[in-house]
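Residue numbering begins at 1 within each chain, and the chains themselves are lettered A, B, C and D in the order written.
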Amino acid sequence: MSRVEGTSATPGEAVPDRPVLDVRDLVVSFSGRRVVDGVSLQVAAGECVAIVGESGSGKSVTARSVVGLAGEGARVSAARLSVAGQDVLSLSGRRLRKLRGGTVGLIAQDALVSLDPLRPVGREIADTLALHTDLDAAARRARTVALLERVGLPDAELRAGQRPGQLSGGQRQRALIAAGIAADPRLVVADEPTTALDQPVQAGVLRLLGQLRDEGTGVLLISHDLSVVLGIADRVLVMTDGVVVEEGTPAEVFERPGHPYTRKLVDAVPAGRPRGESLSVSAGALPPSAGPGVGERSDGRSKSADTATDSTFDGTDAGERVLVEARGLSRVFHVGGREIVATDDVSFTLRAGRTLGLVGESGSGKSTTARLLLGLEHPDAGEVALLGEPWNPLPEARRRPRRHLIGAVFQDALSSFDPRWTVGAVLADAITRGRSLRPGPVRAQIADLLNTVGLDPALATRRPLHLSGGQRQRVSVARALAAEPRVLVLDEPVSALDVSVQAQVLDLLDRLQRERDLAYLLITHDLGVALHMSDDLAVMQEGRIIEQGPASTVFEDAEHPYARQLRDAVRL
Amino acid sequence: MPSRRFSRPRAAVVVTAAVALLLAACSPGGGTSGEPSGEPVTGGTLTYASGDAEPSCLDPHVGGNYPQALIATQYLESLVSLDEDGEVIPWLATEWDVSDDGLEWEFTLRDDVTFTDGTPFDAEAVAANIAHVQDPATASSTGYLALAKIKDVVAVDDHLVRLEMSAPDSALLESLSQVWVAMESPKALERSQEENCAAPVGTGPFVVDTWERQDSVTLVRNDDYNSPPADVAEATEGSDLPYLDSIVWRFIPDSASRYAALQSGEVQVIDNAQPDTIRSAESDDAIEELDAPRPGAANRIELNSGKAPFDDERVREAFIRSVNVDDGIQSLFFGTAERSYSPLSSVEPLGLSLPDLFTVDFTVDTDAASDLLDDAGWAERDADGYRVKDGERLSLDFPVSTNQSIPAEQSLFEQIQADAKTAGFEVNLQPLDLSSWYGVLAENDYDLVSAPYTKVGPDVLRILYHSDSITPAPSGYFANLAQVDDAELDDLLTQASATSDADERAALYEQAQQIILEGYYILPLYDQQNHFLRSSTVQGLRAMPTVSTPTFAGAWLAP
Amino acid sequence: MPGNRHWLLLRAGGVVFVLWAAATITFFALRLVPGDPAEAILGGPGSQAGPEALEQVRREYGLDQPLVVQYLTYLGRLVTGDLGQSYSLHKPVLTAIGEQFGATLTLALVSLVLAWALATGLAAWSVRGGRVAWAIGSGLELVAAAVPHFWLATVLILFFSLTLGILPPVSVPGPLGIVLPALTMAIPLAGFLGQVMRESLLTAMESPFVTTARARGESEVRIFWRHTLRHAAIPAVGLSGWAFGSLISGAVVVESVFARQGLGRSLLSAVQLRDVTLVTGIVLVVALAYTVMTLVTDLADRVIDPRTRAVAE
Amino acid sequence: MSRARVGGLRFTVAEAVAAVFLLLLVVAALWPGLLAPGDPLAVSHADAFQPPSLAHLFGTDESGRDIYTRVVHGASESLRIGVLATAIGIGLAIVLGFVAGLGPRWLDFGTTRVVEVLFAFPGLLLALLFIVVTGPGLLSSTIAVGLATAPGYARIIRSQVRRTASAEFIEAARVLGRGRLWITARHILPNVTAALFVLATLGLGQAIIWVSSLSYLGLGAVPPAAEWGAMLAAGRTYIANFWWMTFFPGLAIVASAAAATVIGRGIQKRNRSGA
């Protein structure tokens, strides 16, 4: 335990020489399987300690063990597991409940499901107050509003009466934080508090946690995203397979990663990495267990930055052939008698071998734009031309012969496959496209495709359900490639994946673009991904493209406030 | 179908009933359920559970079926009653006289009786009631038939009424004893039919208070009651009848629930008791039985002689010889039903019983049946074992009215079906609702049928087996379901109904029954079952000697 | 809120439509009865109706008129609440239904509440009681849902009335009389509701917001009542409209067995007597009740689950 | 929960028991003589009302018929009724559901309203209405139950069709240039069929209960047919003294309905998890 600071905010509570959280040799196992295997960590008052790791690393279980909520059937043991001097493992039910919420506040990820959707958020906060303070109902109400104001929720009075569904993602997360800190806990455990949030919102939430730390609360931050913890954590622990493999200040961990796994994680972060640089390290460097499931091959050779830098990427060469031309696309939906403008006068072009990144918060019209481009939706106004010929609006029958020119990769790969079909059937279907071909060549082509996306051809007999997330997305890419398209629409292709897997898929997409001179429309809410992958960027808000230009310069002289917000978020 | 009744056969026309009354009053029995023990107790509410369908009208003039009779017995009274020996005794009429030609009847009425709405009971009231029954708008069926021969009613003075007949009717007194022609307040009769159906007004021991449809009718004590039939008046002299404060008359169609309700004490009296429960009640001290077989015709299966294959007497005989009814009745009815070998109920003295004709000895009779069928041309059998003739199967349609047949009886029919199959008959049992059942009969789409046509007295034979009854009424219904068309029989029945000589009448009916039985037109089964179970706390319950409905006039609840 | 009024108006329109269509179906059902419709109205061949009676019915129902006129007359009469005359009861169908409706409604509602209580209790216990409780709970629900009413009624009477002697085997006045009939109807329904509830209870209990509540220091009991139960109730509330319908169906059997007043018993005897006017009248009224009930369920759903409201807005 | 492994598939014990029971049921329905060689209609006065014993496993009824034999032979009647009623219900529902789920909006609107109207008639009431029009009998009560269950199925099928039609893999197929018909045939139909199979299994048990209820009310099977509902109805009269007459046919109904439900749910679970 190295740092003791920030005790000034709550003097008398935090004992300077004892950490708020002291964990020694924590072991958690589920039916004999060790999920957390000998983790030790300390959090002092006013300190923010972050645990970083991918799904299944045991980081969440570690965090939850702190409040005795490791999960059903968990066997928890530790040489020491104390919070503010109390031994968590020996606490009785009642005292444990006093600890939860009172001494330790837990802030879970995804506030939409972590707050009871049926109850007003104010109630959830007031419940905490009722459990841990002596305040009467009126005082609790006042305190609730004050808390909501403190976490930076405008119109706190109104918000307190609203339900999670009526709040935006950022507002919800703030409300959840308010509930977590309502009883002035000495330790806040924040489990992925920013996942699924748009970048500017993410930055706000992190600032709020930073504020808490500065006020003397100990913060244990759990995240899969290294870049998130960078700005706020005092110390970072990297976990994989239930073991802490690296510990240090963010600067140490980021700049001089000691463990190969840490290195892989660091490398996989797309933010701030130049276009074309490989994010995934070679297979040999991977700890065997960290890789995705069976049968997946590494993405082939590791590429150094210099070989990867290809002429395609180095500029805004406007001479590339225009494949898609979208002009003035507008689409309005009528829901329950009201109009929702999904896209409003959206125009852009896609060129061969180049990527247009489309960023914006959820609901900004990105997906509708993609659907218009794919001809799944008719525009109310405007048109899309494909290879210089009309594409949308056009009767489906006339579009069909040219369908193969444009492919798509969806966010949720699993639901984009018929659950009854095997991988082979999915690909065969994409290859034949209704033509009757001899099975032999088709099989060969399936194997080819799987090879191309870095999968074992033996996977053809499996159903997508039994594949890992990365494998599914690769199959999805393979399907998109089967018809030999010229244009690919990538709708949040990596947002459901772990960082290292995300890196592999992004590298795969990058390589394919180069090999096949594909035009990409990349839709993402992750600005880091967008900046790494795109030649050009378009920023959408409320159905309109508010900024558009070369990726490298689009934010330079951004005028629109949202674009500035985005820019600031990236720089955090 | 309303069960139709006619008066019980009494040999002589009773001119003065007083003597008979004195004799009869001394020996109550038969229809009484056990000997009353202890002194009568006044007060209390008794719950009666009926398994019959809830009447749609509580006025038994309208339609006129047995469920109506059951409840109406508690609040309506007739001009005359019968004693335990079947003798006609005074009730609302004290004495009566008939002219020599049998065309004029004079009834002297009690002058101290008022209806429960305050209207006095007098000659005008009798006239109004007979007019009401005869009015087509009343849609009386049973009562209408009973009074068919009354041509005119004259109120001679306040308490003397004269009935003028279109033809002599030796059964008039018995007819008048039936509750279907009981006396109702003429003032109440003037109300709409819907109102009168909901709460008929009579002179009986109880008054209809409320009627919760599909639940219960509440009857309350008639505090001014003073008109029990002569035999009851004699037996209970000095008592203030009725003893009970009220009766809740419930409708519990499910027999298992009904019996459970009796066992648990929710109700004190149930009707339509199942044979097995009667048997098990015997060993239960808390439950007693009241068996009151209905008079009139016995339950029987009619063989439709109007069409093939039963137009051939040999086939009818073969059928009757091939089914074993005795064992079935024994096992299904647990000894609670006696096998009948007569067209008439065992309570009918003029019933002719020919056991030899129907007692089946299988070793002999199956062969006999087989020979008969061979003779009749049904010599071959098909793959299923049924007999065939000219490529046609010996197939019998047996529509069963589920509303009119108790479960044990339906089981008996199933057993008959199984027996008949051995002999090569295919019996098609068709359980039908009442309406469809009538439809099938009207279409002559049946070979076997069991129709509980009830009419007090041997005159029921005329209704059931006179060839006139084959001709359907405008509605399509006809009573002669066996379709017996025998001139000799017609003659016998017509004569019997006209003659007033008891011996001659008895002889005529005996001959008639002989023809019916020996022609194998019917397969008699047993009396119309009428079993009641009561809690042993219920005392003084008895069945009316008229139509066997229980009366609670003298009943009380032992503490 | 404005969305509510719009929604309500829309739903009310739906109710009217359903009623009109139901009336149309019953009208044609009446005409589809084979044979003379006048005779059918009087109860079929068993009515032994005379020519005058038939003539009167023909005149009354306009059976000599063209079908369209008959249909419009029929609708017109319905609007004024005239459902015709029941031949078997000697009274207007509406009066007959009015006498019985309350009893059935009471029984159905009591059964519904009872079913809810049983389902909730069993589901709550079996979800939290570990593996054995889970197996027992799901087993009980399975059997309960598979038990026919008429059989269950018998078993209950045997047990509660004859063996234990604590409950009356037939309906009696007062609250005691409704226990067995309501139980008979509630148990199979509780089986269905329980199956649905247990699934959703489990989902709710594994939801992150429950973890949040635990992390806040809430006790399991409070979490159950404040959070999970409500979530589990949503799909089951949605089923209540259907449940009401199935209860009405059950009433046909149960009311007869327990000798209770009610529409179900009227309906059964009307079917047995082929009182077509009464049957169609009852069916129509039940359709109305059912539709209203569905409306109420939807309203309840909007109260319990504000999300549906938000979507509608 | 304990599980058993058979041929690579995992069953819960309940599923295994249910499967064995259904298998027996099918055997009983197709070759009743294998399980009960006797004649279900054989009357024997002397044997009436015998309690269960070695000679008569389930006892005898009022006519001395062996109840075990009747229950076994009744399986074919009850199962046939259940299957037929379910087939009618689901067949009708498929037409309605697909028309509503795939047709243009106005057709969906119209069909949905029709289903809604039919749905407003509680099942048994619709059945009774049908019976009062056509007259009672086994066939008409089977059809009636089929009709009465159709609206419920139609609703489920419609929403299933709608959900499948709006699934992302349908979009994926459209992006690949697949036509409506092809998508319907290759994606929607197979996916909905799986759900249909579950529906049918779950519905089978309920149909058996329904038809037996109608038989109980005297509107279904004709005696002395060994139909479970009719047997129950006949036996209920004797419940006070001879419990076995109702117990065993009742048990057969409950067990079949429960077994069908267990199997249906099992399939459903596997469908959902995609196995």
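The rule we apply is simple: a contact is a pair of C-beta atoms (placed from the backbone, for glycine too) under 8 Å apart; a residue touches a chain by one contact, two chains touch by 3 or more.
Just so it is clear, the model here is predicted, and its values are computed rather than measured.
> Pick out whichever of the two, A-C or C-D, is joined by more C-beta pairs in contact.
C-D
> Of the chains shown, whose Cα mean is nearest the mean of all protein Cα atoms?
Chain closest to the assembly's C-alpha mean: C.
> Go ahead and note the Å separation of the Cα centroids belonging to chain C and chain D.
Taking the mean C-alpha position of each chain, the two centres sit 21 Å apart.
> Just give me the whole-number Å value for how far the CA centre of chain A lies from that of chain D.
Computed from C-alpha means, the inter-chain centre distance equals 47 Å.
> Taking each chain's centre as its mean C-alpha position, how far apart are chain B and chain D in Å?
So the centre of chain B lies 45 Å away from the centre of chain D.
> Which chain A residues touch at least two other chains?
Not one residue of chain A touches more than one other chain, so the list is empty.
> Could you tell me which residues belong to chain C and also touch two or more other chains?
Within chain C, the residues that touch at least two other chains are 154, 158, 162, 256, 271-272, 274.
> Provide the list of chain D residues touching at least two other chains, using ranges where the numbers run on.
Expected reply: 135, 218, 236, 239-240.
> Okay, in this complex, where on chain C does chain A touch?
Interface residues on the chain C side: 3, 6, 207-209, 211-219, 226-227, 230-231, 304-307, 310-313.
> For chain B, which residues are in contact with chain C within the complex?
1, 49, 53-54, 56-57, 62, 193-194, 197, 212-215, 250-254, 256-258, 260-261, 263-264, 266-267, 402-403, 433-439, 442, 473-477
> Chain C touches which residues of chain D in the complex?
Touching chain C from chain D are residues 1, 14, 113-114, 116-117, 119-126, 128-129, 131-133, 135, 152, 205, 209, 212-213, 216-219, 229, 232-233, 236, 239-240, 243, 246, 250, 253-258, 261-262.
> Please name which positions on chain D make contact with chain A in the complex.
Residues of chain D touching chain A: 167-169, 171-179, 182, 187, 190-191, 194, 273-274.
> Using the touch rule from the top, collect the residues of chain C that touch chain B in their complex.
43-51, 88-91, 96, 99-100, 103, 154, 157-158, 161-162, 165, 168-172, 255-262, 265-266, 269, 271-274
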